[in-house]
Amino acid sequence: MHRFISKAVVIISAAALIFTSLAGCAKKPAAADNYAVVGITQEPGIFDPHTVVAAGDEEIIFNIYEGLYKFDSEGNLNPCLATDVEISDDASVYTFTIRKGVKFHDGSDLDPADVVYSIKRAAGLLDGQGGVALVSELDPVSEVKDLSDGRVQVTLESGNSELLSYFTTGIIPEGYDNCQAAPMGTGPFKFDSYNPGQSVILVRNENYWQKGLPYLDKVTFKVCADMDAGLTELSSGSIDIFPYLTTDRAAQLDSSRYNILSNGSNMVQIFALNNKVEPLNDVRVREAINYAINRDDIISVTMDGAGVKLTTAMSPALGGYYDTSLDGTFDQDLEKAKALMAEAGYENGFDITCTVTSSYLIHVNTAVELASELKAIGINMEIKQVDWATWLDTVYTGRQYETTVIALTSTYAPYDVLERYRSTSDGNFINYSNAKVDELMEKIPMTADSEERTALYHQVLGILTEDACSAYIQDPATITAVSTRLEGYHVYPMYVQDMSTVKLAQN
Amino acid sequence: MQSKAGYLIGKTVELILTLLVVSLLVFAAFSIIPGDTARVMLGPDASESQVELLRAEMGLDKPLATRYLTWLASLITFDPGKSYAYNVSVGELIAQRLPVTIGMSVIAMIMVIIISYPLAVLSARKPGRLGDQVCSVIGHVLFAIPPYVASLLLILLAGSIFSLLTVGNYVRPSDDFAGYIACLLLPSFAVALPKIAMSFKFLRSSIIEQKTADYVRTSKSHGLSDLKILIRHVLPNSNVSSITIISIILSDILGGSLIVEQVFNLPGLGRLLLSAISRRDFPLLSGIVFYLAFVTVLLYFISDIASSLADPRIRLK
Amino acid sequence: MPRHIHIVKVHHLTLSFPTRKDPNPKPVLDDVDFGIRDGEILGLIGNSGSGKTMTSLAIAGLLPESARITSGSIKFAGNDLLEMAPKERRAMLGRDIGMIFQEPSTALDPLMTCGKQLDEVLTAHKDKAGTPEERHKAIVEMLGTVGFTNAEEICGRYPHQLSGGQRQRVLIAGAALLKPRLLICDEPTSSLDTVTTVSILALLKDLCHKLHMTILFISHDLSAVRGFCDRVMVMKDGKIIDRDTASDILTNPRNSYTAELLTNSRLDTRILGLEPATVDYSRSPVLTAKDITAGYGRSLFERVKNKKQTDTNVLHNVSLEVFPNEILGLIGGSGSGKTTLIRSLLGLLPHSGTVNIKSSSIGAIFQDPVSCLNPAHTIRWHMSEALKASGRQLSSEPGSRAERRSRELARITAVLEECGLGAGYLSRRPNELSGGQRQRVAIAMCLIQEPALIIADEPFSSLDASSSAELLKLMTDINRERHTAFLLITHNIHIVRQIAPRLIVLHNGEICEEGPTREVLGNPKSESTARLLEAERSLHGL
Amino acid sequence: MASAKRNKTYRSPEASAFYTAGLILLGIVVIAFIISLFWTPFAPDATDASSKLLAPCLRHPFGTDNFGRDVLSRVMSASKYTIFISIAGVAIALILGTAAGIPAGYYGGLADRGIMLLNNSIMCFPGILLALVAVAVFGASVTNVIWALGLVFAPTFARVCRVGTMEIKELDYITHARVMGVRPGRIMTLHIFPNLIPQLLPATVIGLANMTLFESGMSYLGLGVQPPDASFGKMLADAQAYIRVAPWLIIFPALMLVFYILGLYFISEGLRVSLSKGGK
C-alpha cells in the first residue's frame, strides 16, 4: 500500500506539473471579444421594473426595460416608447402617442394594450392589486385608457405637472407577470442569466427599435464584494467598466488602459439624523452637528476632493431649483456647535450609533471621518456596519437607527428630490415632520407656473435648512473607469449604466 | 480479515456518529439565535403575517426535534431547502461555487506536496547544514504569514511581474479548463504557502526521526544502500505518520481558501458563505457549514482508512 | 580467502567525536587493540558509555557521521577496512559481517513482512541473490535453522505479530542468512526474560558451530557470558582493562572494576544479615483472596460480534492468603499473570472473586523507580499527600494550624528517617534522587499510612546491586520491626530464597505450586518452576 | 535514570536561538502595546484631511492613511486587540480544553468517547468556519470573537490533555496515588495536571499565534474588530486599495502582525526543544 501511495504521489505531482505548464501556455481566445463586463458592488435582487427599489438593480434593468420617456446622459427627458405627450392645462390628463414598430424581446410587437397593462400594474390598478401602487409615485393615476388610435390616455386624481419623469417606468408585455425570473422588455439588451452572487448576463437585442444600437453582443454585470475587490479585478483586466470609484483609487489605475470619466452624480450624500430619537429630536443638537463637521475635509478624505459641498437637500446640479443663498450656512464653527450643545443640555456630549452599509466604502469612510470630527463637540459616535439588505430593512424601511450615511439618488427632477421630506412619504426615513413643508409639497404639483414653483422649492429648502433636518455633505462625483478597449460610454447624472452606446474602440 | 472488517465498521460507525454530532452542532447554532429566526431574517419592517408565513415555511412552528429531523433528512438528500436571499435551492448554489473552492484546495494540496516533499527529503539528508537551516527559517516565517497577507503580497507581485496570472479573473472549468487552473494558481499558492511550511516541518522531522529508527540500523547491517533504505523503509514509514497531518492540512486549506477567495474576488464557497452571513441567510449558511464539515469528516475518515491500509499494525491487530 | 588466526584485528584504534567548539575531545575509544580469533565467541563487557558499542560499530562500519577515527586500523581477514571505499564496506555488511541489536521490538520495519525484510538481505548483495524461488527457499531454510517450525508462516507475518523472542530470531536469521564469518551481537538479550535469553544464547552457540561463525558478543552483564563465551574482554572509559578466558575472569577477577561488575551480576544477600520476622500461621491472614479471575475486556465491537465468547482472562481462579508478619514470595515468568494479580488485589482492575483485606490500607511499591514519584512535586508534598489520603490526617486534632503542620512535619521526617532519608530530602524533587532513593520514598509513603501489608511488585529489577541490597535490608527491617507483611513479586529466585519463608509460583494465570520456599525450590514439582530454576542456574550459576 | 537530573539553567543552543529571536520579535509588539496604553503619538482614530496618505516621515514615522490618521498610533493601538483577544481566547480554550480533556483521558470508556466525539466534531469544521458562523449568528464584537475562538480552539487543548493524561495515568505514581486512596478529582488536579504543563505550555503559546491568525483573518473579512477601532486585519483590508500608492499602509501592520505570530512560534519552538530535551 505504501508503494501505491508513493506512486500516486508521483503521478499526481506529474499531472500537476503538466497542468501548470499547460496553463502557462494557454492564451485567451482572441475572437468574439465584442462584450463588456461592468463591475457592481451590490447583489442584484429585483428585475421587475415596477417593484425595483435599489439603485443597483435599476442600473442593470435600464438596459432591459424602457418607459414611455427616457432620460439621456445630460439629464434630459426624451420621448422613448412614446413619440409624443399632451398634458392638459391642469396637468391631470396625460395623453401619450405610442411609438410603432417596437418589438419586445420575444419578438412580439409593442401595442397600446401593453402600455395600459404596464402603467396599470405600476399604479396598482390591476384586478387583485388592491389599489396599492407598485411605483408609489404613480399612485395618483386613476385611470389608464387605450384610445384605440395608437394613443394612451392617463388620468390623474388631481393635477400634477411633475409626473412625466415617472413615466420612464418600464413597459412590459400585456399580462406578463414573470419579470423577476425572466425579465422581458423592449430595451437594447435581453436578459440572459443571473448567477446569484456572481453575475447578471445580458445579450444584444437584435430587434432593437433604434437602428444600429446596441453595439455589443454581451454585457456582464459582475458582482464584486466591494470597491477594492472591483479595483483588483479592474487592474487585472477582468472588468471593463467600473463606476462609483473614489478619486484616489481611480488615480492608481494605469491611464493607458483606462479612461477615467467624472461627472456630477446628482446624488445627495446625507448624514441622516433620525429626527424621532433622543437627542437628535432637538433641533439645536442637529444644528450643532451641522456646525461641527467639516465638509471639505470629508470630501477630501472620501472623494479626494471630487465632490460638491452641500448644505441642503438638493444638489446644485439641479440649476435654478437650487437655492444659492443657502451656500455657506453650515460652515464649520466649533464654538457655535459647542454653544448649541450646551444650550441643549449636552455640554458633555452623548453616545450615538451610526448604522452604515458596508457595501459602499465612501459612506463607511464618511462615517469614520464624521466620528473623528464629532469628538470635538463630545459626541462619541460608534460605527455599526451592516450589509445592504439589512440596511434597507432596518434603516431605510424600518427606520430603526440613530444616524446613518447614505447617498440619495433621484430622477432628474426637483420634486423627486424633495418628495421624501413630506411627513407621510415612504422615503422619509429621517422621520422629518414639518406641516409647512407638507403643505408646500402639496402645492407644488398644482402650480403650473415654473417660476412660482421654483420659489416654492426654495422655500422648502429654506425650511429644511432652518430645521437642520439632517447634515448634508456632498454631491459626490461619479467616477467611472472605462477600459480603453471600449468607447461611447456616457456617465449619467443618475444611477444607470447605459450600455447601448458602448462599442469597441476603433483601433 | 475479520478484524479488518471490524475496523472498517467501527470507523464507519464513528463517521456516522461524528456527522450526527456535527449536524446537531450546526442545528443548535442556528436554533439558539437570539430572538425569532423568521423575524430576524425578514427584518423589523415585515408584517406579522409575513413572519408567520415564513415561520410556517421554515417549519419554525414545529417542535425542535421535528425540525431537526426534517433538516437532517433534507441534508441527506442533498436538498437542504431554499436560500432565503437568492431564492434558489441551497444545493444548487453550493454546487455552482464548488469548482472554485475544491479546485483551489486540490491545487494548493498538490503544491504543498510537490514543494514540501522533495525539500523535506533533501533537508533531512543532512540536518543542521546551511541549506537545511535556511529552509527551516524560511519555513517558520512562511508559517507566520496569514494567507490573506500572502495574497496581498502576491497580488502586488503578480500585477507587476507575472502578467500571465490574472487576478480575479475566474474562468469556469467548462469554458476553458486550462484557464480555470491558471486563474486559481495564484490564490492556491497563497493558501498553500503556510501549509507548505507546515508540511515541510513535519515531514522533515518525521524523516529524521525515522532515519534514526532501529530498523534502519538493521537494514544498514544487512548491507542496503542509503538510497534504498530511504525509499524502501524511511519514506514509507514517514508517509504513514504523514497521512493524518495531510488530512489536517487539507482541512486547513479548505478553511484558508474561504478567506483567500475574498481577497482574489473568486466566486467560491467563501464568498457565498460571507454573503450568507451578511444577509442572514440561515438556510444557506447552515447548508454551507454542514457540507464543509461533512467534507472534512470524510477527509479524516479517508485518512484513517488510508493509514490502516498503509500500516499493518492497525490493519492486522 | 586465506584463513587467519584472527579474523578481525583491531590495531590501536582511537576514536572521538570532535565538534566545532571542542576539536580535540576526550576519545571515546582510546588505543583499543585486540583480535577476534576465527571461530571463537568473544565477549565484550562494560557499562553503558564504556565504548563497547562504538567498537562494534567501528568494525561494522556503521559509526555515526560525527565520529572521527584519529588513529589505528581495523583489519578483517587481512584487509584494512578503513582503507576501503564506502561501497565495498557496505557490500561486506550482511555478507561477511552480520549484526544483531538490543531491541528486537523496533529493529524490524513495522510496514514490511519478515520474509520481505529477509529477502532484502539477499537482493542487496546481487552476487548472492538468485531467483525469487531460490531466495525464498534460502529464507525458509534459515528460519528453520533459527528454530521456527512454521517458517513459511513467519515469512508472511509483520513484526508486530511476533513476540520479542521470535523477532530476535528473525533478526538472527537475517544476520546469518548469507553465512557471514563474523556475527556481532550487541546486547541481544538484555530486553528479553530469562527463559528466552537462555534459548537465544543456545541458538547463537548452535549457529556458531553449524555455520562456522565467529561471534563478538557485547553485554553489560558479566554473568550472561558465563558458559557462553570463550574469551571475555572488559572495557571501561574507552579502554580494554581486562581480558582472559571466560572462566578465569569469572572466578578470578584481576582488578576491582571487574570484581564490581561481577558482584553486580548477583545479589549476595548472605552478607547483609537479613532477618525477617517469624510468622505465626495460626493467626488470621491480613489478605485473603478467593477465586480471582480477571482479564482485559474486549472492545465494544468484539463484544457485539461474538456475544458468547467471554473476555480473555489472564488469571483463572487464583486464591491466596498473606499472614501477618509474613513475607510471601510470588514468582513467575513473564506472561504468567503476576501484574494482573497485583492490579486485581489492589482493586485497580475489575475481577471476579473476593479480596478481603484486614487492614485500613495496603501499601504498594512498583517496579519502575523513574515513574514511582510525581516529578512535579517535592518529597514533602508526596509524604503529606500520602498522609492526607490515609485519613490519618491531623486536622481533627487540637491545636492551631501551625502546630498541626509542625506535628505533621515531625511525623514525615520520622518516617523518612526510618527509610534512611534525612530531612534534607524534604524539599527535593524526584529527579534529584537516585533510583534507590526514590524507591525508599515510595516505601516511606506506604509506611506513613501504617498499612498491615505492602505489595512490592519487582522493586529490585531496575536497581543496581547495592541499591537492591539496601532496599532489601530496609524491607526486612520494616517487616521485623513494624510487623508489616509483604507480598513480594519478583523473578529473582535468589532473593526469594533468602527472605521469603513461603512461596507461590504463578504460571499461565494459575498457581502451579505453593508452599515453604525450601521445599518448592529444593524439589520443584511443576515443570514451570523447574524451568525457571534451570534458566536462573544457567545464567547466574546459582 | 541518573541523567534525569536536569540542570535548570541549561539550555541547548538551538532553544536559546529560538528564545532570543522569539523574545525580540514579541518584545517589539508587546512594548508597542504597553506604551499605547499610556501614550500614542496621535489619537489612533483622529482624522486629519490635510495630511492624508503621507509617506513615512519624522512626524509620522509609519506614514498616514487615507484619513490622515497616524499609522504608528494605529498600529500601536491595534496591538492591544491582537494581544487581548489572543490571550483571552486562549484562556477560555485552555480552561474548556483541560476541563474536558483530563477527565476524558482519566476515566476513559463512554465518557471519553462522548467527549472525544464532541471534540472531533468541533474539529471537523475547517479552521475559521466555526468562528465565522458564531460571529455571524451572535454578531461581530470583540467579546463574541473571543468566545468563538475560545470554543474553536478548546478541542486542541482537550486533545493534548487527554493524550497526556492517558500516558500519565499509567505511570506508577498515579497507580500509587489510587492505591493510597486519593480521590479522582484530586488526582486529576494535583497529581496529573502539573505534569501536563510541559505539553500544555508550547500548545498554549502556539495557540496564541494561531488565534491571532484567525482573529486577524476575521477582522480582515470585517467580522472581527469593528472600525474605527484599529486591528491589524482591518487595517490590511483597508490598505488593500492603496497597495501601490501607499505600501506603508500594508507593510507596517503586516510586519507587526507577522512579528507577533512569528515571535510566538519561535518561543513555542524553543519551549518544545528544551522541554523535549530536558524530559528525555
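The letters A, B, C and D name the chains in turn, as written, and every chain counts its residues from 1.
What we mean here is this: a residue touches a chain if its C-beta (ideal position, glycine included) is under 8 Å from a C-beta of that chain, and two chains touch if they have at least 3 such contacts.
What you see is a predicted model, and the numbers here were worked out from it, not measured in a lab.
Following the contact convention of this document, D is the list of chains adjacent to both subunit B and subunit C. By number of C-beta pairs in contact, B-D leads over the other of A-D and B-D.
Remark: subunit C and subunit D have CA centroids separated by 45 Å (rounded to whole angstrom).
Centre to centre, using the average C-alpha position, subunit A and subunit C are separated by 86 Å. Distance between subunit B and subunit D, defined via averaged C-alpha coordinates, is recorded as 22 Å.
The set of subunit D residues that touch two or more partner chains comprises 240, 244. With touch defined as above, residues shared between interfaces to two or more other chains in subunit B number as follows: 155, 236, 240, 262-263, 274, 280, 310.
Across the assembly, subunit C contributes residues 111 that each touch 2 or more other chains. Going by the touch rule set out above, the chain pairs that meet are A-B, A-D, B-C, B-D, C-D.
Looking at the complex, you find that subunit B touches subunit D at residues 14, 17-18, 21-22, 25, 29-30, 32-34, 140-141, 143-149, 152, 155-156, 251-252, 254-256, 258-259, 262-263, 273-274, 277, 280, 285, 289, 292-293, 296-297, 300. For subunit D in complex with subunit A, the touching residues are 45-47, 49-50, 52-53, 66-69, 222, 226-228, 237, 240-242, 244-245. Every residue of subunit A that touches subunit B in the complex is listed here, in rising order: 1-3, 5-6, 9, 12-13, 15-17, 19-20, 22-26, 28-29, 43, 195-198, 223-225, 229-230, 232-233, 235-238, 358, 386-387, 389-390, 393-394, 397-398, 400.
Chain contact summary for the complex, subunit C toward subunit D: residues 346-348, 361-368, 370-377, 385-386, 388-391, 431-432, 434-435, 442, 445, 449. The touching residues of subunit D, when paired with subunit C in their complex, are 1-2, 4-6, 171-182, 190-191, 194-195, 197.
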